[in-house]
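Dropping the structures in below, format is structure tokens.
You will see subunit A twice below: alongside subunit B first, and alongside subunit C after that.
And then the complex of A and B:
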């Protein structure tokens, strides 16, 4: 029951936005879609998806292969370096680049920043898979006369395909939802245009119509991913050889490979950190006084509350999904994922429409903002929590019951302790996500509530880089444990 | 494994501890609105509104809380909130957003004594709101990119293909939209549409006035349409965003010489109507108008006998077009800009 309620809550934004867009009839909605500006936004959005999608794939897979499958030194170091960029929010990265390089903007700027921010989504799952797969198949391929490249292309890639597709999908969904990074680089897409509409007309129909187009694009991506996975499956029969894959010797290509990896690390991690550091050092140039304390405080409160509520909301559904393979359970899981692929701006618009029209006491309150975070980040908690529940074998609970413990005592003494770690990891992921959320927070924050992200945004919108830097640094510090959580494995970003 | 759990728990505990610090002295409401305080929806600059609020609170003992936003968004928001709006006072940077709220029938008449404090030119015939400050349109340019002699004689000339790629504006912002509403009032719909189409193909669109000015300063754009005070404020500080630029006033009753009026109004639905009226009286009175000068916002004062910042050229020397600020049409402008593909 609770699980169904949570799923319904996740579906609500979708319904509300659709209803608002069609309020004045399909004809008017159509005329709002069918205009040159939307064509331009579509071109921009699609070129960004295509270019960043390809580049992130190439960089992510290439780096993963070099790190996991070749004899390149310092693999552990590279692994950290290529996951750590996830701790730098894309809009902070955008600030880092555009404050260093004058005239850094437009499609080229957008592609560079988003690629460097999002390629870890591809690197992480692909590297994890390359590290753990059975080397036997590739050895067989080599034995049958295929060279190392051919083997990688025909066998290795086939093995990593599901992970790769999942990673690319995440990159593309993030691109659809990205606001701050692109707005700063003067590159309009659907999401930035929806925010523009909000600026001129608050909760307007034209904004909702654009949001429907955005939902359409997200749904299309989800469908394409399912189709691309296709019917062919990679199945391992038996447990395979329990060995680490052999690492290819790079020979004379080693210096080039090292140089490439170092360059990627410098661009993705070095540039933002150096840029933030530089601006921190110029604090005296800040035009507006920097009030880090209040922003940090409200960010921590919001993050903590939202993380706890999200975890609590996730538990029933996660329990159901982990324990039952029924169609209903599966459907519930998919629904929560669908909501998560909705960009933050859509969820925020829906909540404004809802609270202003039907739930006035909640309008402009912290509660509404927390609800938005819950809807947006349930999948983050879902993946970890479900995995955690799956590790609690029913036999253990049965044993406790057989030994005379009641259901409550069994839960407290047996199940809860076993689930704790994974569940807390999920909670931490949500906390980090909330601390760097910009789009929904901009629209929903109650009067006077400034988070690190919105305070950073205010300062950087005035190009007051020195005033923005402390907020950027605080967000990076708060997000840093993310690297550790993700590298620990088993808690990859969810695949919608 | 146990150690990791402890680490996470420690992180959570540390985060909780960080929350126990106490509040700061800002008037900005934190969290949910407090119905007992005078609530100001302000699209005006933060430092100015904050100064008005603080001084007013000190003077009268009336507690004030402020919600910040932008003209158009906040105007539309108040209309959407309707009679249930939590706002008592609305302050804008430009008049069109105020007109939107006025036309929705949500404003209460302003006290005659308050209206008498400002010049007649700053009071709408409806007497439902009052001018609180003014700002002038300027062309900021970079002399190393374009010679003074080559500057356009009129704002309308920027549509000329010879200026393509040479100028920028923050088309998404309410400031620029107010300027467009002046173009519309003076030149009519057809010319405005053509001008907006040219803008779409000729101009670089920036996030806001500051970004526009910085781009001109850095030579990425030769010219930019902004309001005067961004430039004067930066000149008074480190000139880091305007050191390489100069201002060009169109004058000559050109739409580009448009002076935009910032407004203040009291909501009909206000539960603190008397306090709200007092606040408007304070803002338009000698103390409130003096803050325009002392807070370095560099906006023009509109109060009778109130002096503006001495660094600014006198308001009556700008040869502004005679446009009734009370009929400027916000929704029509947004409609035209949407048609031109700017929004």
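And then the complex of A and C:
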């Protein structure tokens, strides 16, 4: 029951935005969509998706293969270096680049910044899979006369395909939702246009019509991913202890490989950190006095509250999805993932429409903001929590029952302690996501509430880079544990 | 010590019946092995006794108490049994001592005396108490699981294939340790297994389960030498089946005239012989002759497959110990040691 309520909550923004757009009527909606301006937005959005999608795939897969499957030294270091960029929000990264390189904007700038910010979404799952897959299949391919390169192309890539598709989908959905980075680089897409429309004209109807186009694009991407994934399954036939993959020797290509990895690490991690550091050093040149304290406090409170509420809201659905393979459970799972693909701007628009129309006292309140965070980040908590629940095998509950514990005591003594770590990891992920959320916060935060992200945004919008830097640094510091959380993920399944 | 009585138990998973009309009594302090191939419903039977699953019909009695029956249902935590599953199912977040003392009242959990005592009962060193489950070998995990299930001094212990996940050598050692510990506790034991050697050696009573129904229940030598039908005979080990004709307590078959004590009536029947009842000799001796078609050599003994002379003669398997076994192509004579057992006895009179 609780699970169904949560799913409905996730669907709410979709319904509201569609209803608002329909309000415009078919004729007006058509004229709102069929404009040269929308054509330009579509062209921009699609070229960004294509270019960044391809670049992130190449960099992510290439780096993952070098780090996990070749004898390149310092694999552990590279692993950290290629996940850590996720701790630098994309809009902070674009601030770092554009404040450092004059005239850094437009399509080229957008592609560079978003690629460097988002390629870890491809690197992380592909590297994890390459590290854990049994080398048996690749040895079989070698025995059948394929060299290492052909083997990687014909067997290795096929094995990492699910992880690769998932990673690329994540990159593309983030690109659709990205506001801060692209606005700063003056590269208009649907998301930035919706926000501009709203801020300039306070026009949520034409915004909603654009949002429907955005939802359409997201749904199309989700569908494409499902189709590309297909019904294939990769199962290990026969058991036996899994072996560690063998690492290919790079020979004379080693210096080039090392150089490439170092360059990627410098561009993705070194440049933003150095740039933020430089501006921090010039903090005395700030035009406005920097009030880090209040922004930090409200960010921490919002993050904590939203993370706890999100975890609590996720538990029933996660339990159902992990334990039951019924149609209802699968539907619930799909619904939360569909909500995950909704850009923050859509969720924010929907909540504005709802609160103005039906719950005026909630308009521009912390409550509405927290609800937006919950809807946006439930899927994040869902993934960790579901995995945590899945590790608690039902047989353990049987064992506890046989030892004299009723269902409640069994939960307290066995299931809850086993789920705790994974669930808390999910809570931490949500916390980090909230502390760096910009789009929905800009639209929904009560007047006078400044978070690190919005304070940073105001300062950098008035080109006061020295004043923006402390907020950027605070966000990076708060997000840094994310690297550890993500690298650790999936390695903690307790064995019986 | 508790007597277990099952009366008319039927149980089903959604849309598939699993057990039907099971009647079984396990006397207090004895061990019963439920033997059957995978998928025959033996784990379901154990789960019904445990209370992890409700039977559709029938009653389960533990001692004098009805724990499942029409209008009665006692949840597993109040049935007071010990339970050891195939994978042990130790709690991964607790160390060995905490696992073993899990079922004890809070006050007793502190006092580590019982933990040390139980570790000794299952034959494990006391310094294992601080280890975590993932630092134990499979055999050690199973022994800890047994110690955990014995902590509350249950009247009955249910074992669900507890040795099948272990390596062969470890399996025998663990089984011996478990048997000794259970004897020490004088518990009533139900063991579920698909391994006939395990069932015959471990238990006082063997219940052969097939397709959800009990085929035969009896003491190990009884069910082995006098199986009630083909399914029971095959479940318990190698068997040869021969057509024969019974007359005055003697059966005539391809291996000559064999004594069949206890069989009455006359007419066509089916004889079952165990491989170790067949004695091979030089061709000059014996009544029946045959040619060896295949030999499986195990070291301590050998299984010899042979075909008797004559058309449509049945294939027999004989277990040979000692001397080097004959090889394929050798001609041998066959005689029978001991009495014949009849499966389908002819109608009396």
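Definition applied: the second predicted complex is superposed on the first by the 483 of 496 C-alpha atoms of A that agree within 3 Å, B and C clash if a C-alpha of one lies under 4 Å from a C-alpha of the other, contacts with A are read in each partner's own complex, and residues count from 1 in each chain.
Heads up, the rule we're going with is that a residue touches a chain if its C-beta (ideal position, glycine included) is under 8 Å from a C-beta of that chain, and two chains touch if they have at least 3 such contacts.
Keep in mind the model is a prediction, meaning the values are calculated, not measured.
Legend: residue contacts after superposition of the two complexes on their common chain; A:101 is shown touching neither subunit B nor subunit C. Of the two partner chains, subunit C is the only one touched by A:414; subunit B is not.
In the superposition on chain A, A:293 makes contact with subunit B only, not with subunit C.
Within the superposed three-chain model, A:5 lies out of touch with both subunit B and subunit C [touch as defined at top]. In the overlay built on the shared chain, the residue A:58 is in contact with neither subunit B nor subunit C. Residue contacts after overlaying the shared chain place A:401 against subunit C, while subunit B stays out of touching range.
Ranking subunit B and subunit C by residues of subunit A touched puts B first. By the document's definition of touching, of the two partners only subunit B reaches A:198; subunit C does not.
Of the two partner chains, neither subunit B nor subunit C is touched by A:153. Subunit A residues in contact with subunit B (one complex) as well as with subunit C (other complex) do not exist. By the touch criterion stated above, subunit A contacts subunit C in their complex at residues 393, 395-396, 398-406, 413-414, 417-418, 494-496. Taken in their complex, subunit C has these residues touching subunit A: 50-52, 75-78, 80-83, 85, 87-93, 102-103, 133-134, 141, 145, 148-149, 151-152.
The touching residues of subunit B, when paired with subunit A in their complex, are 1, 4-5, 8-9, 11-12, 15-16, 18-19, 21, 23-24, 26, 28-33, 39, 47, 65-68, 70, 72-74, 76-77, 79-81, 84, 86, 172-174, 177, 204-208, 210-211, 214, 218, 220, 237-238, 240-241, 334, 338-339, 341-343.
In the complex of the two chains, the subunit A residues touching subunit B come out as 35-37, 40, 102-103, 183-184, 186, 193, 196-204, 206, 285, 287-288, 291, 293-294, 296-298, 300-301, 303-304, 356, 360, 363-366, 420-421, 424-425, 427-428, 431, 446-450, 461-463, 481, 488.
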